[in-house]
Amino acid sequence: MKTKIAIIDTMFARGDMGKVCIETMEKNAKKNNWEIEIMRKTVPGVKDIPVALSQLLEQGCQAGIVFGMPGSAKVDKTCSHEASLGIQEVQLMTRKTVLEVFVHEDEGKDDKDLAEVMHNRASKHALNLLWMIFKPEELEKRAGSGERQGRENAEQVML
Amino acid sequence: MKTKIAIIDTMFARGDMGKVCIETMEKNAKKNNWEIEIMRKTVPGVKDIPVALSQLLEQGCQAGIVFGMPGSAKVDKTCSHEASLGIQEVQLMTRKTVLEVFVHEDEGKDDKDLAEVMHNRASKHALNLLWMIFKPEELEKRAGSGERQGRENAEQVML
Amino acid sequence: MKTKIAIIDTMFARGDMGKVCIETMEKNAKKNNWEIEIMRKTVPGVKDIPVALSQLLEQGCQAGIVFGMPGSAKVDKTCSHEASLGIQEVQLMTRKTVLEVFVHEDEGKDDKDLAEVMHNRASKHALNLLWMIFKPEELEKRAGSGERQGRENAEQVML
Amino acid sequence: MKTKIAIIDTMFARGDMGKVCIETMEKNAKKNNWEIEIMRKTVPGVKDIPVALSQLLEQGCQAGIVFGMPGSAKVDKTCSHEASLGIQEVQLMTRKTVLEVFVHEDEGKDDKDLAEVMHNRASKHALNLLWMIFKPEELEKRAGSGERQGRENAEQVML
Amino acid sequence: MKTKIAIIDTMFARGDMGKVCIETMEKNAKKNNWEIEIMRKTVPGVKDIPVALSQLLEQGCQAGIVFGMPGSAKVDKTCSHEASLGIQEVQLMTRKTVLEVFVHEDEGKDDKDLAEVMHNRASKHALNLLWMIFKPEELEKRAGSGERQGRENAEQVML
């Protein structure tokens, strides 16, 4: 039986991260013989993600990944926080893993950089979710290693 | 059977966004032969929206849209945040989609501009909600496109 | 049968808003032949309001109104926010309308002004709650009109 | 039958407020013939209070009082806020009254003053809780009177 | 029967605190004849901890300990706050004790210091959790004593 994965993205974001995610997932699923089926829904902005996510997870998706781009104004940061709390609440209501992939509009130095951050973060987290479902040992061997999404990894320090 | 839509607005707001919403919805519903029935309730301010919304959704509305105008003082921003968390909670309790349409009193450069933002955001989101209910593909084809409500759209960047 | 209304206030506040509320409610109820019964409880501070409110609402009150005066220190603002979240949670747990009437200690220019804000806000919201229960059309005809409690109303702008 | 009261305190706090509370409660209970039984649990810091509190309340305590000392760094203020939200959530889950007695490490002008604030607040709230359980009219007659814990009372203003 | 303990850590953190925790727990469990079994899961970042934790606690773990390293940017502080709220929510859902061990990336004066804070906090809290499960009197005798994890203890003040 195929593992159903929910993808929610927004009209508000300035790049189609959902598409990058789907491409990454399909390529990796094929390579590893992981059977997946993707269900996607698009909503206006990040605050509309939680309930849409809950609907897909309760329609049989086993896990999810969501994409958003909070704006740079202070009110946008508050919206982002509210959306994140909702996404977390949905996970706890359903006990299902969901990766939140937000790229803040002011993270990019310019439009080109913003596009790179979006692509990097969307594709790395698409793979992370597949690992969490099909190959959790990939995460365990990177425990406390400074792994990042969007930019290069941080250095590990000795304990 | 008609789709019941809940509208909650406030006495506090400085413009009748609920009226703009109803006009937009009725015009578009008629044009597309979408059968809708609107239930409206007015409350004092944004913090009174969540429970009123829960009441209408539990009385049979399938979706909702709410309008508010948080003031410009710091305490008003906190109220707005609290209201947003409550509106989200109601969505997760009922699993029903609700669009939150808030226009902050300090968003407008002057009263004329404030009125335009209110009109633009209220009418665009009224249409968004109809699309989410009757024609979700309209949102999917705008995924990651920089679509905004209240002001002009943002530019899409290449991934 | 009488409509039971819960009132919660605090020892911390610097004015007896509960008393103002009761006087306003009784006067208006008498004038309009609205049958009400008031249940009142006093707690130490605003953070003690939510659970006390839940107790009264679950003992049969159909609606509630709560009074508090958050202090001016930063930690007091946080307490106020926590209390507001709790008051909202109680409304969503019980699906019952509760008006939160907080007057921040630093809202007043001086003690006289603070007293006036308290009196104005407490009495206006006392009437608002009665309208919400017995005459909701009074709110609907003021939708988006800039109605305020505590100070004079704001101006409506044209949409 | 004795009324069971839950006390939770922390190792992190710089003074034994739990002990002050117990002494105040035992003295007042004896004087008024109030039958109480105290159950106490100590946790590392304030964020560990909510779940410990929920455990004691669900083991039969009718009410609770918790003591903590948030540090002065910004991250400590956030922890304090999180703990407060959790303590409130536990009250709403159990419908039981809990007084939160936090003394912020930076409230004291010096160590001596800090100790005095802790002692004052812990003992006054210990008595408040007993009043809430056994003699609620003591709170009602102080409604809106400016009653404070930790420092002297504020002045009441005329409404 | 062995007591199952859940450990969740992240790939994002710059040091393997989970490993330090396991070493501390195994050494102390052996010395005191406490029968424990550790279940560990690694997730991408702190916001992925709550749902993973809920899964392990609902699979039979009696308690948990989680490790994370929030970054130094403002958005990271918000993520940390969201994660903390989720970890608390999981505790209240399951009524099980979980220690949250976060080391903020900007807590260290340099990499060496950061490593020391991580090691100190992880090992002290590993022992705290064992005490909470097997020997709670160790915490009670340190009530209000200024006990800290990560750095040296604070001084107790006289009440």
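Per-chain numbering from 1; labels A, B, C, D and E assigned in written order.
Keep this in mind: a contact is a pair of C-beta atoms (placed from the backbone, for glycine too) under 8 Å apart; a residue touches a chain by one contact, two chains touch by 3 or more.
This one's a predicted model, so the numbers in the text were calculated from it and none came from an experiment.
> In contact with chain A and with chain D at once: which chains are those? Just list them.
Both-contact set = E.
> What's the call on chain A versus chain E, same or different interface residues, using the half cut on shared numbers?
Here the answer is different, because the shared fraction of interface numbers falls below one half.
> Rounded to the nearest whole Å, what is the centre-to-centre distance of chain C and chain D, using the mean of the C-alpha atoms as each centre?
Using C-alpha averages as centres, the distance is 26 Å.
> Would you kindly tell me how far, in whole Å, the mean C-alpha position of chain E lies from that of chain B?
42
> What residues in chain E touch two or more of the other chains?
Residues 85, 89.
> Answer with line, ring, star, complete or other to describe the graph linking chains that touch.
ring
> Which stretch or stretches of chain A touch chain B in the complex?
Residues 9-20, 40-44, 47-48, 50-52, 54-55, 58, 67, 75, 78-79, 82, 85-86, 89-90, 93, 111-112, 114-115, 118-119, 122.
> Show which residues of chain A lie in contact with chain E when the two form their complex.
77, 80-81, 84-85, 88-89, 91-92, 95-100, 104, 125, 128, 132, 136, 139-140, 142-149, 154-159
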